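Going in written order, the chains are labelled A, B, C, D, E and F, and every chain counts its residues from 1.
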Amino acid sequence: MAFDSLAALLAMGGHAPYVWPAWGVTAALLIGSAWHARAERRQRIRELKRRNRRERSAAKRDAPGDFSEREADDA
Amino acid sequence: MRVVEPRAGLGVAIAATVKRDLTLMLRRRSEVINPLVFFALVITLFPLGISPAPALLAEIAPGLLWVAALLATQLSLDALFRGDHDDGSLEQLLLAPQPLAALVLAKVLVHWLLTGLPLALMAPLLGLMLSLPSGGYGVLMLSLALGSASLSLIGAIGAALTVGLARGGVLLSLLVLPLYIPVLIFGAGAVQVITLGGNAAPHLAILGALLAVALMLAPWAIAAALRISING
Amino acid sequence: MRVVEPRAGLGVAIAATVKRDLTLMLRRRSEVINPLVFFALVITLFPLGISPAPALLAEIAPGLLWVAALLATQLSLDALFRGDHDDGSLEQLLLAPQPLAALVLAKVLVHWLLTGLPLALMAPLLGLMLSLPSGGYGVLMLSLALGSASLSLIGAIGAALTVGLARGGVLLSLLVLPLYIPVLIFGAGAVQVITLGGNAAPHLAILGALLAVALMLAPWAIAAALRISING
Amino acid sequence: MTFRLDARGLACERDDRWLFRGLDLSVAPGEVLRVEGPNGSGKTTLLKILSGQLSDHRGELTWGGEPMRRVRAAFLTNLLYMGHAPGVKAALTPLENLAWYQALNGERGSDAERLAALDEIGLGGFEDIPTAQLSAGQQRRVALARLVLMPRPLWVLDEPFTAIDRQGVDALERRIQAHAHAGGGVILTTHHALSALDAQRSVVLGHGETVQAEPALGSLHAGR
Amino acid sequence: MTFRLDARGLACERDDRWLFRGLDLSVAPGEVLRVEGPNGSGKTTLLKILSGQLSDHRGELTWGGEPMRRVRAAFLTNLLYMGHAPGVKAALTPLENLAWYQALNGERGSDAERLAALDEIGLGGFEDIPTAQLSAGQQRRVALARLVLMPRPLWVLDEPFTAIDRQGVDALERRIQAHAHAGGGVILTTHHALSALDAQRSVVLGHGETVQAEPALGSLHAGR
Amino acid sequence: MWAFIHKLGSPKWFYAIAMRLQPWFWTAALVLLAVGSVWGLAFAPADYQQGNSFRIIYVHVPAAILAQSCFIALAAAALVFLVWKIKVADMAAAVIAPFGAAMTFVALFSGSVWGVPTWGTWWIWDARLTSMLIQLFLYLGVIALRGAFLSRDSGARAASVLALVGVVNIPIIKYSVEWWNTLHQPATFTLTERPAMPPEMWLPLLIMVLGFYCFFIALTLMRTCSEILKRESAKRWVRELADEAPGGKR
């Protein structure tokens, strides 16, 4: 440990106004992008589920059968 | 079918025009940041072309910042009416039963909100990079905010005059830059005075007066210019 | 009806394209003068915004001249393919049986002939106004002539990429200005070195090398960019 | 009060050649006036003059008997003009485009209203797609939706059938017919052979100096 | 050697909707193929794919039996494409416009030749006026003059009759017919009812997923 | 090898592999960043000259290195997309560009904050700083160009061309900027001349750099998968997958 106390750590030997903003912005951007990626993924899944539900009910209404015949070329 | 009487609705028309232009600009978010990036880029070019020495840069910083902001505003103006002209909606704007000057003012307002104001807010950062002496930052922002409104108004006249021409871009600069000179002199002057320790209030007052004049006269000039451009 | 065999005729096609673009530009003579006037106006703005002191101006003159010339070239580039795109002749150019890169090179050549070259020829006059030390004038012209050819080539890539977009103007600057920086540094450097009594030959040699690289790579990039723009 | 657009002694010159000269015409409620003539005969020019967009012409225009210059605002409130360019913003959706047009007219309107208009013009389901991504004919339909949405007595339509498919043309003809029956007035140009639209009057513009007028089914109003 | 354009299994998707799928078609000498369908059904898209301008599609194109990618230059030498935009420079005169088109093809041509073509397309006397000052229909005629001037076997025409007056339409139909009789091939779209043009085959594009093909007068070549 | 690349190019395969790899990278990133941060902030000794402001190095240098790597990755993805038309490469490019821009920004920001205690100024026109700034502009250009097209396919290809042109230019820019700076005056400050660091200073730095890389890879994999879900939403495998996927219930 290079510091005696938590207070000393926070003070950074007088360089707190430089060290903490630099670390803070970095952390904020990293955490922000990770959080955004997670939210984006959930959003995608949610959209897909909603779409599946919608097309199933539409298919039920129109004619029996599965959704989508547009799987022409998977993979 | 009976004749329709002119109805008031000017407020609705202005609000809708503001909303439409905001939507259009924000839908392509890049449209909004582009002038800002251009501003930053031009400011970057100067140290590269001139010299990276901080003392020299500090001396010429107010002028460089103002010239760059002016060019950024001016370039973004070319698009103000061009899109509307090309797809025929300018024709429809002119055929609207509302006073054209008011509608046009709404368009200019949106332009300033999304160009001049952000430029003013961003200028301190670039001032920092040019080692602008501290103390000048507030005046820099204020002068740019006031000045860029005049620039938008004056520039819109030029944009209106050149909208019918295939390649307005450079011609527009030509028409408009001379009119920008008073704004430039008092705007850059204000920043210079304050960094030298003087009082910038008179300069700012003149900038305000220029804006008031522009606000009164420019909308009519813009409307007239549009009528002329469409006529050809 | 029999199938037509591809015929040579590349020379004819290039010559005709050069002739067509020259005619188009010269028919609107203002198109040719506009970049020049923009150049002059920007150079005039600096003394107004910065300071009229000759010693200061002389020091920053090479950088200012080069930055202004660069901006003038760049602004005129937006129109390079836009007209052709809007009226559908770009589509036809792409469907021509000749290699697109060659036709495109012809268009860039015309652009340089009517923008870069005149700018280089006019620069000494403005240098005079900025009290550029004598001795720098030859190198100023030479560096601008060489450099602006690279600028036209690099800028054309950006112009081709943005031609399908409604408001290319400012986006084009964002794409292209960062790529201009090497040319700016060596161009302005050449003039600066010579005014400080040094030898500008290495700088000019590098400008030449940059031009050679641009000549080799840019036409393909431009052609590819056009294909993409037309596609969407 | 009903409307009435009159033109007296209209003349317009291009390249030292008269497109038309001494042209008199009028449009009153219930009338459909078709401007005919081969390419380059001056139809677009005439429509622009009649809608007050061009001023380099001779002759007099009146609206409800009063000179156009004095009643311009009133005239514009009653006019719906559609030119060669559809006046539709490519980056906005059809709904947004229509909202702006209504607002220009001082109305707020409602999305339901606009949706109904789009449905009627055959764009149901496309109301939320940026117009740039619609086909040539669909883009023009967005502009045509104004005919449904905005109640203006006088329509001036320059080639309204451009790029519209066959059913669309029929529907549009019927719409124009209905507008006239309801007491509206229409001036239009088109190179299409019209089927559903009967009883229209015509002005025929010729090449060069001559201006002939021939009644199609109505009475002769335009001539030298 | 004669030409032959084949497309096999063409499919194109827009906004998660198939414009067409599994489309097979071919054009050989003497054939006129008309692409039909309502607004937004994908006619322009199909024409751009067939002329090699769009690449975001499935399926295979061949020219004279060889894959398009390999014989692109040869194909372009044989193609004359006219899109929605006429491709005419407004600041140049009709003569200058045509001269450039010939040169793009590697030919020098002569003014006499170009004048004759303009005369034939109904623009005699306008050859020296900047195209910007011509009417909508006249501007399109400048582009159409290429049909007369440049001997290319395969024509791809997207709404060639737009803005053209009635005589013009007739003349153009006859020209297309003659081209086919002389052994050329034509692919075209139009919403006009054609009179002079007989024996054409059709591809009908429908809304959404279905692709039907119906023979108009010739034999059935296109279909799923 | 070839076959493998092509398989990887198919969205379905890429998705499967990426989703399998992803948790490992996230874990590695989390551990490395946590260890590196604590070590760097609290345990590494202070610099004898700069004192504790030196601790900025542990975010500054990883961000600077990653910012440059991202551009190379971006250009590589662009090349793969343009030449082999592999869509997954473009989806990766679309998510790499914003992250690269963010890292460039972090490097610039932490560097200029660091400059105040060490150099007494926020910014100087030093060669390395300047070329970093220009790199930020190049990133912004690629992002803006992609966004400016209405059609996704055209935007993708245009951005790819620009990324390639940019990567050709980056060495030229670096070289010219260095030339330019030495031309006028000797650099007042240098980044490179510093006494050799003791291991307890550079070890946490190494850990942080690795942590940043793992984070970058994990993020790119995850966001590319989301992009696949968006662009391939019509495919059956995507829909079946959505039915099975946990979460997103709201």
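Operating definition for what follows: a residue touches a chain if its C-beta (ideal position, glycine included) is under 8 Å from a C-beta of that chain, and two chains touch if they have at least 3 such contacts.
It should be emphasised that the depicted structure is a prediction, and the values quoted were computed from it without experimental measurement.
The chains in contact with chain B and with chain C alike are F.
Note: Cα superposition of chain D onto chain E, rotation of 180 degrees, nearest 5.
Centroids of chain B and chain F (each the mean of its C-alpha atoms) stand 35 Å apart. With centres defined as mean CA coordinates, chain F is found 48 Å away from chain E.
If you average the Cα atoms of chain D and of chain E, the two centres end up 30 Å apart. Averaged C-alpha coordinates put the centre of chain A at 17 Å from the centre of chain F.
Among the residues of chain F, those in touch with two or more other chains are 134, 137, 140, 144, 148, 150-151, 153, 177, 180, 233-234. Across the assembly, chain E contributes residues 56, 84, 90-91 that each touch 2 or more other chains. Each of the following residues of chain B touches two or more other chains: 28, 30, 34, 37, 41, 48, 51, 83, 86, 166.
Chain contact summary for the complex, chain D toward chain E: residues 14-15, 37-44, 84, 122, 126, 129, 133-138, 141, 159, 162-169, 191-193. Against chain D, the residues of chain F that register as touching in their complex are 150-151.
Only residues 90-91, 130, 132-133 of chain D touch chain F when the two sit together in their complex.
Every residue of chain B that touches chain D in the complex is listed here, in rising order: 1-10, 12-13, 15-17, 20, 23-24, 27-28, 83, 86-89, 91-98, 103, 230-231.
Of all the residues in chain F, the ones that touch chain C in their complex are 82, 134, 137-138, 140-141, 144-145, 148-151, 153-155, 157-158, 161-162, 164-166, 168-169, 172-173, 175-177, 179-180, 183.
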